[in-house]
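Across the two complexes that follow, chain A remains constant while its partner is chain B and subsequently chain C.
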Partner chain A sequence: MNNFMVESTKSTPYVEFNPENNELIFKGESYPENAYSFYEPIYKLIDEYFINFQKLTVDFQLSYINTSSIKCLIILFDKFNTNYKNGKDIIINWYYDEDNGFDYDMGQDFKMDIDIPFNFIEINDEE
Partner chain B sequence: MENAIYMLQKKLRQSNIEFIFSGTFSQGLIEELGMALKQRMQLQQVKKRQISSAFFTFVEQTQNIKQYEVSKENTEDFLAIVGSGVIAISKTDSGYCVNSGNTILNRDISRLKEKLDKIISMNDEALTNYFREVSRREVDMNSGRGGLGLIQIARKATKKIEYNFEKIDDSYSYYTLTVTV
Partner chain C sequence: MKKEELPKEFSQSYIKNIFKIIFISSIIISCAVIITAFLGYSNIKNSLITKAKSQDIVFMVKSMAFKIDGRITRAVETSCIFAREPLNIEWVNGEEKDQKVGKLVLSNLENIATSYDYNYFFIAGAKTKNYYFRQSLNKNDKNFILLSENNPEDRWFFETLKSKKQMSFNVNYDRVMDDTFLFVNVIMGSVENPVGITGVALSLNDITKEFKEFKVGKKSNLWMLDEKGVIKLSDKREDVGKKVGGFLPKNVVKQIQNRPANVKVAQYYGTNNEIMDYAYCKLNSTDWTLFYEIPRKESISLIDSLRINTIITVILVLLFFMLLYYFISKKVANPYKQSMVLKEELENKVNVRTQELKESNEKVKDSIEYAKRLQESILPLDKEMKRVFKDSFVIWRPRDIVGGDFFWLREIDDITILAVGDCTGHGVPGALMTMTVNAILHNIVTTIRSDDPSIILKELHTKLKETLNKSSNPQSVDDGLDIALFCIDKKSNLTYCGANLDLYIKSDKRVKIFKPQTRGVGYDYIELNQSLCSEIISVEEGDVFIVSTDGFIHQNGGQKNYPFGKKRLYNMIQKCEAQDLDSMKIEFETTLQNYMGSKEQRDDITVFAFKVK
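And then the complex of A and B:
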């Protein structure tokens, strides 16, 4: 499988999928007008990936997520959860900024409906 | 016209409005205004938590207004709706307020009002459960009509959200929403 990378824009996060390292990264803000068209290619990659691969580490560092992106991320977490229940080794790292609050709360919301444990990791302010 | 602008500016000052846009929103405009809003609040050394709540509310409300406008394209109501949107940030004793407004059809009021009243009646715990229920339903049914945005806005707000419908005529009203963060 090839690597997949999308640079961030004002309203979409940086995404990097590196199958060789078993790594998927989301970083930035997510509030596009059509969130589904942004996330859909990633769903396909994940489905394809888990046919052959056994483990995946997913890093999320999203400071802001609008409601249509929330729904897309729920679909993504459902995919992770199905694979996790089928025996895949999945780690979710949820990075948050203590002062922001929004990102931590969001991680707590996503965590509620899935079985995979979340690692909450505090980041230091870069500014 | 000059005088009208001056009067407007005076009025904005009196209302403690620091930031306002009126007209049709595009995604690009929402992004630019959102950035400006964040920068402005950062300069005023507002707490990060408050900035993210304000920014969240700003984006949800402007995207809601935009979507409502788009949903009326190619209907006889479009001319009354288009460009009616307003977003304004004001400073009050209890924090920052994100105020939004747009023209809506009278026949769309009852459903919206029902959602708003339900959300306003809920405490934090009930809102969290309701968020969970509606987000799951919207994902499963692939629809965006449950008002997930309003639920999230209410969860981020530090006070109960407030709304008003001002009747324009038999067909339309002006809907405003005030959210304190």
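And then the complex of A and C:
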């Protein structure tokens, strides 16, 4: 599987999918006009990935997520949850900034819906 | 301002560019012209030098030598014939006593001189030492002079007699004729025992004249040199008799003394570092050398005018090109003017398009403005709110002109039903949703007449799904809404049911948060819990009920451009000390504005606050 990388824009986050390191990273803000078209390729990648791989670490560092992106992330988390229940090893790291508040709450909301434990990690300004 | 500045900058850079182009092309053309001119000049110069050295000088020396040789050879031949004439020998041998013969001899002498263009012919007897050179004009006239060994001018005679050479040359002053001559002396009789000398005198003036005719250039020299390097003949009389070493460098003198039969050409650096070209060759008729030299400058004096002409041509060509470039860039091509015309054309096109866009935009805007009026018509009026609530305020700020946020109020019998909602999307799609939701809510409360918000909510969920998501494909993000629903009866009993919206109840410094009982309403992916039920909230005096759609907490701003967030919202509500809700509204709006700064509004924002009567 190839690496997948999307640079961040004003309204979409930086996304890096690195199958070699079993890593998926989201970083930035997510409020595109058409959220589904942004997240759809990632769904496909994840489906393909779990055919061959057993382990995945997902890092989220999203300072803002709009309503339609939230829905897209719910779909994403559902996929993780299904695979987790099927015995895959999935770790979710949810990075948040104490100054923000929004991101931590978002993480809490997502956490409620799925069985995978969330690691809440506070980020410092330096990062 | 901008419009005026732009062309100015452009024109400045344009002029700069013109000068750059003119400058660069001028340099290139200058280089080309100068190189061409220089190459041409040096080529012509070289070929002129080659020509001068290999042809002109050689030709001159050759022809001069030929002429002199011819003259001398003729003189030698004539002298030899005369010297061998038995009559002459006999007359001289007889000490010139035979007057009859003498008359004949001297007559021959004069005849030969006049008819063969010699200055004069002479005959001198060894015994008598008498020197005859003309016929006597009368009887008393002496037709000879007596040569004396003591006279330096006559020394040639005695030296020639002793020389044992049949023939010799000498240049001498003739005291009889008062002129300097080139003498050809031939011994009469045997070399061992000469009886006399006869010969021809060639006037140096004549030869010099010919030298002058041949000579080219003012500073050139044409010399005839003897074996010792003494100048025997020159166009300049004063140089005759001087040693050539006084004029030429040593190595040149040495070269000349090789006396080649063919013409040799070479060059040396003279005084003032002047290049001198010279040619020399031995004369066939004598052992003398003909030498010719000319300063390079003079032999190729043509080159001076060529150089001046070349420089003038170069300057003219450069000037011409500069003018040409100037005119081309200024008048003919003038890209600036053309670009200005083009710019105007484009601007006109853009203006037309802008006008069209403006019109169509106006149309859309008008239509949306009208939609806004429609949307506003479903919102409760101020007076309704004042009648129903003790106090209330609403911040309703769609991101675009219309939006997906709404609030809704109905009084059915004794019950007041309040809804604050946030439909998916914003702008026109959001507004369409609000209208739909409005219709459904109206339908529900008029048909069911429920005082339980949870029932209304469930009903809304079902109906909305029926209405909107019937044919939705599983891929699309389906539509729904967040909503807070209140039912308040006349006894001020308040029941509440929320979907994805928090309810804040502020009593003095205390703020209570009622989390929503469920997630959004109407979404396909949400299965509404059928056991969902409303909260019954006991109302205290002064309690302020506040509901905010997510637009407020989503709004970005602050130092890190983070969303406003729930924490800040909570703090804002908690810290608010306003006594009446109008002041609270102003405080909230100010807080929001301060946080947003110059950032754009991200989502529809609605805050609804009320106090129950």
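Methods note: the second predicted complex is superposed on the first by the 125 of 127 C-alpha atoms of A that agree within 3 Å, B and C clash if a C-alpha of one lies under 4 Å from a C-alpha of the other, contacts with A are read in each partner's own complex, and residues count from 1 in each chain.
We adopt the following convention: a residue touches a chain if its C-beta (ideal position, glycine included) is under 8 Å from a C-beta of that chain, and two chains touch if they have at least 3 such contacts.
Only a predicted model underlies this, so the values are computations on that prediction, with no experimental measurement involved.
J.: Should the pairing of chain B and chain C on chain A count as a clash or a fit in the superposition?
T.: Superposition result for chain B and chain C: clash.
J.: Taking the superposition as given, does A:Pro32 touch the first partner, chain B, the second, chain C, both, or neither?
T.: In the superposed model, A:Pro32 contacts chain B only, not chain C.
J.: Going by the contact rule set out at the top, does A:Asn100 touch chain B (first), chain C (second), both, or neither?
T.: Both: A:Asn100 reaches chain B and chain C.
J.: One more residue to check, A:Thr67. First (chain B), second (chain C), both or neither?
T.: both
J.: For the three-chain arrangement built by superposition, which of chain B and chain C touches the greater number of chain A residues?
T.: Touching more residues of chain A than the other partner does is B.
J.: Given the touch rule stated above, what does A:Lys10 touch, chain B (first), chain C (second), both, or neither?
T.: In the superposition, A:Lys10 contacts chain B only.
J.: Of the two partner chains, chain B (first) and chain C (second), which one does A:Pro117 touch, if any: first, second, both, or neither?
T.: A:Pro117 sits against neither chain B nor chain C.
J.: For the combined three-chain arrangement, which segment of chain C clashes with chain B: 76-84, 94-102 or 472-480?
T.: Looking at 76-84, 94-102 or 472-480, the stretch of chain C that collides with chain B is 472-480.
J.: For chain A, what residues appear in both contact lists, the one with chain B and the one with chain C?
T.: Shared contact residues on chain A (touching chain B in one complex, chain C in the other): 31, 63-64, 66-68, 71, 74, 97, 99-102.
J.: Which chain A residues qualify as touching chain B in the complex?
T.: 10-11, 31-33, 63-64, 66-68, 70-71, 74-75, 78, 97, 99-102, 109, 112-113
J.: Under the touch definition given earlier, write down the residues of chain C that touch chain A in their complex.
T.: 424, 475-477, 525, 550, 553-554, 556, 558, 560-568, 602-603
J.: Can you list the residues on chain A that touch chain C in the complex?
T.: 31, 35-36, 63-64, 66-68, 71-72, 74, 97, 99-103, 105
J.: Using the touch rule from the top, collect the residues of chain B that touch chain A in their complex.
T.: 27, 31, 34-35, 47-49, 52-53, 55-56, 59-60, 63, 66, 128, 131-132, 135-136, 138-139, 144, 148-149, 152, 156
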